[in-house]
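Below, chain A partners chain B and then partners chain C, in two separate complexes.
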Partner chain A sequence: MLAYSLRRLLISVPIFIASTFVVFLMAALSGNPLNRLLAISPPPPPQTIEAERVRLHLDQPIFERYWNWLTGLFRGDFGPSTESTMDIGNEVMSRYMVTLRLVLLAMLLALILAIIAGVVSAVKQYSGVDYTFTFIGFLFLAMPTFWFAILLKEAGISFNNAVGEQVLFTIGDSSVYVAGGAWDKVLDTAGHMILPTISLALLSFAAWSRFQRAAMLEVLNSDYVRLARAKGLRRGQVMRKHALRTALIPLTTVTALDLGSIISGAVVTETVFQWQGAGTFLLEAIEKDDVYSIMAWLVISATVIIVLNLVADLLYGVLDPRIRYA
Partner chain B sequence: MPDNINSDVAPVPTKPSGPEKRTRVEREFTVAERSQAQLVIRRFLQHKLAVGSLVVLVLIVLLAFVGGWLWKYDVSELTGDHSQPPSWDHPFGTDAIGHDSFAQVLRGTQISIGIAVLVALFATIVGTIWGAVAGFYRGWVDTILMRIADLVLTLPLLAVAAVLAHNTQGAWWLIAIVIAGLYWAYVSRVARGVVLSLREKEFIEAARALGATDSRIIFRHLVPNALGSVIVNATILVAIAILIETSLSFLGFGVQPPDTSLGLLVSQNQTAVSTRPWLFYFPGLFIILIALTINFIGDGLRDAFDPQQTKVRA
Partner chain C sequence: MLRSKSGAARAAALVAGAALVLSACSGGDGGGDGDGAQTGQIFAECDANPNECNSAPADQLQDGGEVTMALEKDIANWNLNSSEGNVFETGMALKGVLPSTFSSNPDLKFAMNEDVLESAEQVSTNPQTIEYKIKQEAVWSDGTPISAEDFIYIWKTQNGKDCPDCAVATTAGYDQVRSVEGSDNGKTVTVTYEKPFTDWQQLWESGQPIYPAHIAKQHGDLNTPAGLKSAFDWFGANMPTFSGGPYKIENFQKNRSLTLVPNERWWGEKPKLDRVIFRIITDAAQEPTALQNNEVQIIYPQPQVDLVNQVRNIPNVSSYVGLGLTWEHFDFNLDTPALKDKALRQALFTAVDRQALIDGTVGQFTDKVEPLNSNNFMPQQEGYEDVISETGQGTGDIEKAKQILTDAGYQQQGDRLMAPNGQPVPELSIRYTTGNQIRQDSSELFAQAAKQLGVTVNVSPTDDLGGTLESGEYDIMLFAWVASPYPFANAVQNWTTGQGNNFGNYSNPDVDRLLNEAAAATDRQDALAKVNEANRIMAKDAYVLPLYQKPTFIAAYDNLANVRNNSTLDGPVYNIGQWGIRQG
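Let's look at the complex of A and B:
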């Protein structure tokens, strides 16, 4: 099992290099990082522009730039930003921590809700509950993240007004200053997280619950579940140990595959709730044609995706004995 | 003479037809020949939700493309009514500087649907060829092609699209190409799966055993059977593309003013949600309505193309 995971990890190395190369080319060729400097009026002296050109490695050919960037990466050097005072490595790490909190919690919430909704829908197929979940699923599949997030934000404001106290925060990832002890800090962070987490979770929930329902239905109609019931096992036990466990395997695959779209969703959610996370870091970098910041974001995102895929691989082993003993 | 004329136009004796004229054996065992396409259409028409969705979608498309052209206000026209709630004159109200929101939503719908259809078209063509080649040749060609597709699939595509679309200056067809350039990988996976499973099917083997030529197998058996999955996926892809394009425009990397898209309209009016809700809700509702109906149509098409997949025959 471990050997299998390690093999998959090794395969992802050339994929990682190839994908970073493609994005590096496209990001570097699509815009000029010096544009903002050139647009200043009165124009800065040519020496300044030339110095900036050298600082950003724009005087090197593109392949050399990529190679230097890639080798620099192993030394922990993410390259120079267009913001001369910003250290890309520190900045992207601290901002990704904020995003990761959101992404992981949203995934957890989406998974729990999707499993419950999917299993209930499958067990009570064609009942009122099933139709309700199906309707909700289709609705959220058709709903754009940003629109729903803005609605939630608005609902949060009305909720605060109704309570007469700021419980749910709609702007930022945490307050700048929190009076009181550690507990107040936790409460403050939680208050900021609730709405973005819900808005990010519900969109994955839609697809996953449909998927879980289909997987569970297939298992419930299989012979071995019927056999388990026929030999006298209790219904609850058959559902938990025989049916659900098998039905979780496809969901693991889908979750791992959807990671990219969740991270994309986090970019949108962070924009709506004005978080200082990795998503807004990326958008600022794109605006400024800051190639090395874009690449830093991509590298961290790719690492997160690869690591979480590894977790999914290991989970397969827990869920599916055929893999464990293979 | 009149009698002669009458006899001239006397009805030609018709062949005995209709169910009542047939013998019982004929009625039981004669089946009208129907082509595969006719069967699919018949099955699709039995799917009430899909047909209803199709009607709604056609109405939206007509409203956007014909209605937008006929509507008395232009997108960029300043009407002199500022921040008006919906009325007969302005069905969706107006914004702070007097734009007619109805005209804007119709224009946004045109652009969003145009981009989405183009994305589905490009991605389907590229993805189908990519996947079919991989599935057909197998071996190392398959490995290389599918590794590339996997690579694309693991990327956070919306973010990469934002990087690539940043310098398109909002040209709608360029945005479509960027999105299609990332989403063909989904189609290629599906197409490969279909080709892989079809080429092992018994009816292909039977056709081969009967001495059918390669071209006959490809055009009479493979293509019609793969077409279903491809069409269903292209349909669903339109819904996905609408959501991607609107998100991209919302983030500021898609369609740029003075032109507009449904996502851009939501972005521009997000602060108006509590004060002038009509500006925010109508573009959003159009996105949902379009994506929802397309998903239902896709579902109906899937059932129509593959009746065994969902119908449980007890």
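Let's look at the complex of A and C:
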């Protein structure tokens, strides 16, 4: 398995170089980071603009810039941002942590709900419950995130008005100041987490519950489950130990694969709820033609996705003893 | 402003809330009980009395309290005098912290900061000499007096000579100063100019405020270029822990918030609030819900139809549309061969109907906006004169436009316009900023007007406004300038031959002469007259057609006093030290 992992990672290297090169070219050639300066009225003195050009390496040929950036990566240097005071490495990491906090909780919630809904739907196939979950699943699949998130915010405000207290919040991950003790802080954080978590979770839940239902149905119809029932095991025991366990395998890999894209795709939720995470980091970088910040985001995201893909494949082998890597 | 409740009750409410949201998504009616009418009236007087509206005497205000305002950008650089730190939002955040000589009031006029200065006067015209008297009691928050040293330090970094590597936002004016000298224990500052600078009030004003020299000294030798640069950069990278204003910074959380608390060493009237928080909300569309949910109490976003209507439905909140210093305009690129002919330019501008353009765009949420008739001043500003109406431009008078063309020897052949040399007038392109719907609509209107004259104008966006202007890859461009309360240096930059902001390469020796004289005058009235004279010549040359003043928008809870609109670069925070919460 170790050899397999290493080989997989080695194959990633040329993919990584090719993709970063293409994106670097596109990012560097599509805009001029000095635009903000040039558009100021009255314009800054020429020496200011020249100094900025040199600081951002815009005086170097594009291939040289790419090479310097690539070699800089190995020294942990992500290059200069258009914001001279910003350390891109620190910034992108801290923004990723914000996103992770948002995403992991939502994933957990989505997984629990998806498993419950999927299993119940499969066991009670074609019942009223199954149809209800199916309807809900497709409803959320079809719902645009930004619209759903805005609806949630409106619902949150209605709720606050109904109870006459500010319980749910629509902006950020916590209040700047919270009066009271630790318990109040916990409540404040919870009040901030609820809406964005629901917004993100229900969308993943929709897809995953369908996966779980399909996997569960397949297992329930298999011979060994029938055998287990035939030899007299109780229904609950069969469901838990034999059926559910096996039916979790596809969901595990799907989750691992999805995680990468969910992290990079949380941008809508981040924007609507103003969590300054990785997604908004990328948007800001694109707006400012901040080439090195765009690249930093790409490097981290690409790494996360490559690693998660590997993890998904390895997990498959762990969960299903029939699969062996050589 | 935060409401409180016992922990257990809130916990119960949270669980209930989650259940409600999960099960129902019952919202959608806007959440409030508002009936659609504007509930708040605190800005009712602001049209008539922009500088005093929504005021309340100190004894009617609560002692203490907390106010949160939305701030649309994170703060990346704390040095407002640097090109990078010269960001509107950073300026708002530091308005209550950094001292300055002059600042701009809601009526768009500048005024001396009476908290900081006793007086600021021109004591001689040859050479031009300005004397500032700093208040004796004015001190930085560590007790060091605010003095001539601070003025000298800023001048050195900004004059382009003592610190050529300081990446300053502007050298305008500072580069014409011969000397800055202190006397009377540093409380009198005498500034002598090499050549007169009409906008002398612009130096050390609130957009380029004063930073403490004694702290700069700790980070570089202020007598060497390298030392000056190192201190200059230090101020950019480090949050100010010092203050020379009513507030000081208590806490900054990157990408989240900036918190101000009263500065104990402030010598003026004490601020009433315990805390002013700037909450960073980078997407304006999220501000109305945050306001409605009382997470912020003041917002100052760019107005859009939906946003304005959403805010007008929030109970207990007042809002106000103001007219600012930003103005939209159509520019011709005079390097385009067809546009070298004045008659064609005049005809095209005459065919544009500005009133229809306003009605179709910003007129949807306010009836305040009117066609702007000057390239240098807003109607509220000293010196404004209508120089456009007499030219007939911007009226949409197609017949008149055609007459101009006929008189100049153009001929209409079918639906095409033929130039006097017999060749058809080539197709032109008008550019606007990608994603700006209002500008797109305006550009389409321009193209329709030109079509009626037989000129085909293609509308295409640019995602790189600065680059497109710089490279001249346009025939007509729609964009905006920010007018300044200090107009003279700006006019030279924008309209005289070969200057950095004169992207369309307009050149008229009379305009050059008049504007340069105006910028180097000691008599302000005389200078204003010269700018208008130059503007008349320029209007006849049909180079830039002013469209309208862009509206600004503020919304605040009704219980806030002394909060009011200020559409200048100072923003509504210009009087942040006076903000308070009404009693009861």
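Definition applied: the second predicted complex is superposed on the first by the 282 of 326 C-alpha atoms of A that agree within 3 Å, B and C clash if a C-alpha of one lies under 4 Å from a C-alpha of the other, contacts with A are read in each partner's own complex, and residues count from 1 in each chain.
Basically, a residue touches a chain if its C-beta (ideal position, glycine included) is under 8 Å from a C-beta of that chain, and two chains touch if they have at least 3 such contacts.
For clarity, every value in this text was computed on a predicted model and none was experimentally measured.
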item: Touched partner set for A:L37, first chain B, second chain C, both or neither; value: second
item: Partner chain(s) touched by A:S301 [first = chain B, second = chain C, both, neither]; value: first
item: Which superposed partner A:T170 touches (first chain B, second chain C, both, neither); value: second
item: Touching partner for A:I157 - first (chain B), second (chain C), both, neither; value: both
item: First, second, both or neither for A:G191, with chain B first and chain C second; value: second
item: Chain B versus chain C as contact partner of A:I286, first or second or both or neither; value: first
item: Partner chain(s) touched by A:G128 [first = chain B, second = chain C, both, neither]; value: neither
item: Contacts of A:T271 with chain B and chain C, given as first, second, both or neither; value: both
item: Comparison of chain B and chain C by chain A residues contacted; value: C
item: Contacts on chain A seen with chain B and repeated with chain C across the two complexes; value: 31, 150-151, 154, 157, 271-272
item: Residue ranges of chain A touching chain B (in the complex, touch as defined); value: 15, 18-19, 23, 26-27, 30-31, 138-139, 141-147, 150-151, 154, 157, 257, 259-261, 263-265, 267-268, 271-272, 279, 282-283, 286-287, 289, 294, 297-298, 301-302, 305, 309
item: Chain C-touching residues of chain A, taken from the complex the two chains share; value: 31-32, 34-45, 47-49, 51-52, 83-86, 94-95, 150-163, 165-172, 175-177, 179-180, 183-184, 187, 190-191, 194-195, 198, 271-274, 276, 280, 284
item: Touching residues (chain side chain C, partner chain A) in the complex; value: 2-5, 7, 9-11, 13-14, 16-18, 20-22, 24-33, 66, 68, 74, 76-77, 83-84, 86, 160, 164-165, 167-172, 233, 236-237, 253-257, 259, 275, 277, 279-283, 286, 289-290, 292-296, 463-467, 469-470, 481-482, 489-490, 493-494, 500-501
item: Residue ranges of chain B touching chain A (in the complex, touch as defined); value: 147, 150-160, 162-164, 166-167, 239, 243, 246-247, 250-253, 263, 266-267, 270, 273-274, 280, 284, 287-289, 291-292, 295-296
